[in-house]
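Below are the structure tokens for one structure; questions will follow.
Which chain is which? They are A, B, C, D, E and F, in the order written, and residues in each are numbered from 1.
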Amino acid sequence: MAQPTKTAPKNAPKKRPIPTKRSPVVNGEKGKPAYPGAEDDVKVTALKLAPGKLSPEMEAYFKKCDEKLGFIPNVLKAFAFDNGKLEAFVEYRQQLVQNAETLSKLEIEMIATAVSSQNRCFYCITAHGNGVRALGDPVLGEMMVQNYRAARLSKRQRAMLDFAVKLTIEPWKVEEEDRETLRRAGFTDRDIWDIASVAAFYNMTNRLASATDMRPNSVYHGQAR
Amino acid sequence: MAQPTKTAPKNAPKKRPIPTKRSPVVNGEKGKPAYPGAEDDVKVTALKLAPGKLSPEMEAYFKKCDEKLGFIPNVLKAFAFDNGKLEAFVEYRQQLVQNAETLSKLEIEMIATAVSSQNRCFYCITAHGNGVRALGDPVLGEMMVQNYRAARLSKRQRAMLDFAVKLTIEPWKVEEEDRETLRRAGFTDRDIWDIASVAAFYNMTNRLASATDMRPNSVYHGQAR
Amino acid sequence: MAQPTKTAPKNAPKKRPIPTKRSPVVNGEKGKPAYPGAEDDVKVTALKLAPGKLSPEMEAYFKKCDEKLGFIPNVLKAFAFDNGKLEAFVEYRQQLVQNAETLSKLEIEMIATAVSSQNRCFYCITAHGNGVRALGDPVLGEMMVQNYRAARLSKRQRAMLDFAVKLTIEPWKVEEEDRETLRRAGFTDRDIWDIASVAAFYNMTNRLASATDMRPNSVYHGQAR
Amino acid sequence: MAQPTKTAPKNAPKKRPIPTKRSPVVNGEKGKPAYPGAEDDVKVTALKLAPGKLSPEMEAYFKKCDEKLGFIPNVLKAFAFDNGKLEAFVEYRQQLVQNAETLSKLEIEMIATAVSSQNRCFYCITAHGNGVRALGDPVLGEMMVQNYRAARLSKRQRAMLDFAVKLTIEPWKVEEEDRETLRRAGFTDRDIWDIASVAAFYNMTNRLASATDMRPNSVYHGQAR
Amino acid sequence: MAQPTKTAPKNAPKKRPIPTKRSPVVNGEKGKPAYPGAEDDVKVTALKLAPGKLSPEMEAYFKKCDEKLGFIPNVLKAFAFDNGKLEAFVEYRQQLVQNAETLSKLEIEMIATAVSSQNRCFYCITAHGNGVRALGDPVLGEMMVQNYRAARLSKRQRAMLDFAVKLTIEPWKVEEEDRETLRRAGFTDRDIWDIASVAAFYNMTNRLASATDMRPNSVYHGQAR
Amino acid sequence: MAQPTKTAPKNAPKKRPIPTKRSPVVNGEKGKPAYPGAEDDVKVTALKLAPGKLSPEMEAYFKKCDEKLGFIPNVLKAFAFDNGKLEAFVEYRQQLVQNAETLSKLEIEMIATAVSSQNRCFYCITAHGNGVRALGDPVLGEMMVQNYRAARLSKRQRAMLDFAVKLTIEPWKVEEEDRETLRRAGFTDRDIWDIASVAAFYNMTNRLASATDMRPNSVYHGQAR
């Protein structure tokens, strides 16, 4: 007779110590990582780029991230080899993603995660899946990561994700009919810009992350579960 | 100046109460689910199939699952409308998946998750992603869910997953050269059977789950993180 | 002036002797196979797996196949290296494929063939194309093998195959709307399970066969033409 | 206990009477076709195009086909609405397909079938699958229809089909390296032209047939099995 | 502060001298081509095929081309190694492409370009993009090359291109519904044949050109801009 | 006998008047556009977004563009509804595209065009195809638009485009091996960042343009031919 599968033992020991910003100790006993994802906290990309000098503004921004999140997102560290690029990235994200007019923060994270899932980007799915979990709920986050069609969404949010995903996988087929579908779901032309802008932005970061093997801070994995 | 993104607040309140097998209470306040994924714990598929009578063996098996895992996996409940089908499923899984000769339990879960990720199956990614987290580690689990190529794997495990994924997405292109690659990575012919058998099995369950909108027990989402 | 193509000469000599279970003689004159497909009757897969001992039940089952069909299907021989796996396979197929409630045997074979055609599986297309020819008619069999859309099907059977094929090639896109289409074509929820179960099963066997280069009994090729 | 599958009964009654060119009787008893594929023998495409007047040369060619094959291939009837188009088609096929320098008639049919299989063209797979069966053997024909990779081919023929299939599904990726692979397999530049010419021709006829729902003469299905 | 991009300087010197049929001088100074595309005017394909003897008819046809166009299209030179093939090609194109009943010359070029764009064929996009520019307008030509969906087309022309492109990329999915869409857009059954015939023809030439690395006459690039 | 195709008449009248920044007159005689692409010069996207107020810096930038190029690129006008977004876009492009370390301006345009061709983006192919024509040569520009594999490139540039295109169509498959290929072609880690950054940027703009039906200035079409 078959045995119940043991893939999820009730009392599985917590295998991963909680990483903190102060302990990026990669090597634990026997040369193994001190905790799962420990290397990702210190080796951010596959590229060897000499660290650049941060501007006072960026120094302050990093400090603020650390205070608020408890860590500095690796994507910022990845750009930090060149302060000009870093500032442009932070500002572009602010203007073209975060300054959306009516999209909620959760909706922005949903688009980011669904888009990144299509592109199978380890960095972005991890970071933004966490965003959906924290701002929405843990199960919604998982559905955005795995298959957004599994989620029970409002007509508005479904239309928003259908557009973002079509724009991701076959942008050449997006036509007026697709914009009309968004309008019928209640979105304004400005919203259409914002949805497109957010989806387009993550199509960019997905590729930058995949091209450089950018690794997410390990702390994301355990948050808001 | 841009603000640090707030997608991962340091002290985000745990939004999801721990579900237990005794409290499948879907509705909380104001008609909302009592906790994220609560509906998934009571409405297992989109199909209305009258419950069947379980054999004493299956009754015992369900009881054993409950004792060991703390819950009965929804896939078993989904099959329970017909005891003959349920028994055949449990036995087939035992023989063709769990009775692999040299593949470890973790490796079986890795194949299951990587295959299910290709097919974007909410049920199977959730259940087996949990398996990888519990038997391996939480970050490995996430990489299997998102993009197995992100993981730093041994040559053996990489070859195993490359084969399983190719078999999933373009089985018609699998040829002797692919089997030779497995042999060169240390696998026997029996192992090749086992890898194929496991990958093929989850290609089946992925489709059964997607066809019926099978929902994973909500408890999986929070385990082994 | 062009000559009529000679690809289908009126009196082409029958090139393939009728294979029988008693004459798996591979080598004919000059080291060539005794008849087309002769090797496939003796070398069932590309894997070298020592034959296992069959249970009395399985011995009886093989004998029954031989009496009824005139041969033992190679898929059974392929599983015979392990009696436990063989029994589980035969039982699973019985319960999850053959025990469909209202699907006819022909319809099951149609699904099996259309699914296997998508996956370009030599073993399964051959065996189940034969099934469609025998239970339906020879031309229907060919259309299931080549392109099921060419067949003039009832609304019911077309919906059934559209669902099975979508489930095969992009299972992640199957949603309630697809189930509703089946219901509108007259299928019950139990039928939906059965269609999904059959399609899923052959998605599994297609991959097991492709992974192992499983070869169909040569006798199939000439039957029910 | 499971029963042996009955998909291929030993003594299945021959369900399809042998069609002849003199009996395109579509309707049998109860309005059903007289035999499988009977409609295909009289309604050649989905387009209503008034029959044109054939030139004496084409009249003679049709007569020759009928004497040699026992029927007039439906593709010729489909073009017959316009004698100019018909003559151009017959001549082009003669010059660009049949006048290949070293490719054998069998190899031409193999390319035609493998290409048509990629495009899932009912007419062309049927007609040329028959060609491979008649000129090669019945099992080789089936493998060309289902998945040419299943066939045990010489290095020459495998390279030939790999090139033809790549040219069919992603022509934009064919480069000097692909031509070099053909040269290394023993083909001359003229052979490369011929392989390309044959593959290209069937990519054309596949689309003409699919666009018009061109139906193959039913007699093909039973020949050379 | 960012500088305006300099990718399109207002007074960019004309870098490419106008090629003429009398000056196929490949080598300019320092072994570089005399002008962009100069090699393409003398080395027509990657295949070394000894030139054949042209019939008087073909000699006259080449002369006529030269007088009318100012050059002989390279595709004709590519076929010229075998006069029989050349004549068959010219005649087939005349009958199956140019003898369309109601399609305008522009519409034929639009289909040719949109199809060739799907297959990313350098020769055919260049030659027929030029055709659309000359017979329609320069911007329409560019849209056919890049993405026909960007063009503001009549319902008739959009339906025509949708059919041609579907026939190109997934011919197996073309069904009666697609033909009905054409009929609703005002096309007759004869027009459907013609659209299919033109689309199919360029699916053929695209592959012949890609297989042989056929190069377009450089003069096309600068015409009708 | 066939007639020479007339798709490229020697003396085709120039149909498109040269558009200037001072004459965005859309309507010519009979309500038709004054010249091909005339609407594109005045209706930049499909979205109705009220114009925003430009900062003095952006005013100056627009003026500079006009002086240098003779027009203001439509992408800038499209962003101009929000000065913050416009500035962020211009600065990001400057930092992440134009500030590449060793990539030449031509190489940046080549990546932009090859990437945009994969995404079939009318705006970006037009603008950057022009860039390649102006900085490289007209034929190179056409090859980047149509199929970059047709170009005879240095090992360096071919590796660069292979990476950029792979990153565009299947970013999830980019691994260390791909970076190694770039390094072997002579690129530094900083160059890898730059190539990735440029390719990623145009994957973003392609989607923003497709989502909003952004139209290129008509003047691009005729430049540097």
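As a working rule, contacts are C-beta pairs under 8 Å (C-beta built on N, C-alpha and C of every residue); 3 or more make two chains touch, one makes a residue touch a chain.
Since this is a predicted model, take the numbers as computed values, not measurements.
Student: Which chains are shared contacts of subunit E and subunit F?
Tutor: A, D
Student: Sort out for me whether A-F or A-C is joined by the greater number of C-beta contact pairs.
Tutor: A-F
Student: Matching over half of the contact pairs by residue number, can you pick out the copy of the E-F interface from A-B, A-E or D-E?
Tutor: A-B
Student: Which integer distance in Å separates the CA centroid of subunit C from that of subunit E?
Tutor: Here subunit C and subunit E have centroids separated by 44 Å.
Student: Could you give the separation in Å between the centres of subunit B and subunit E, each centre being the mean of its C-alpha atoms?
Tutor: It comes to 51 Å between the two C-alpha centres.
Student: Two or more other chains touching the same residue: where does that happen in subunit F?
Tutor: Residues 91, 94, 120-121, 147, 172, 175, 213 of subunit F each touch two or more of the other chains.
Student: Based on which chains touch which, is the overall arrangement a line, ring, star, complete graph, or other?
Tutor: Chain contacts: none of line, ring, star or complete; other.
Student: Would you please name all pairs of chains that touch?
Tutor: The complete list of chain pairs in contact reads A-B, A-C, A-E, A-F, B-C, B-D, B-F, C-D, C-E, D-E, D-F, E-F.
Student: Applying the document's contact rule, which stretches of subunit D touch subunit B when the two form their complex?
Tutor: Residues in contact with subunit B: 147, 149.
Student: Where on subunit F is subunit A touching in the complex?
Tutor: 46-49, 82, 84-85, 87-89, 91-92, 94-96, 99, 119-121, 163, 167-168, 171-172, 174-176, 179, 189-190, 192-193, 195-197, 199-201, 203-208, 210-213
Student: What part of subunit C is in contact with subunit A in the complex they form?
Tutor: These residues of subunit C touch subunit A: 172-173, 175.
Student: Touching subunit C in the complex: which residues of subunit D?
Tutor: It is residues 1-10, 12, 15-16, 36-37, 39-40, 57, 61, 64-65, 68-70, 73, 90-91, 93-94, 98, 105, 109, 117, 120-122, 125-128, 130-131, 134-135, 137-140, 142-143, 145-147, 150, 152, 213, 218-225 of subunit D that touch subunit C.
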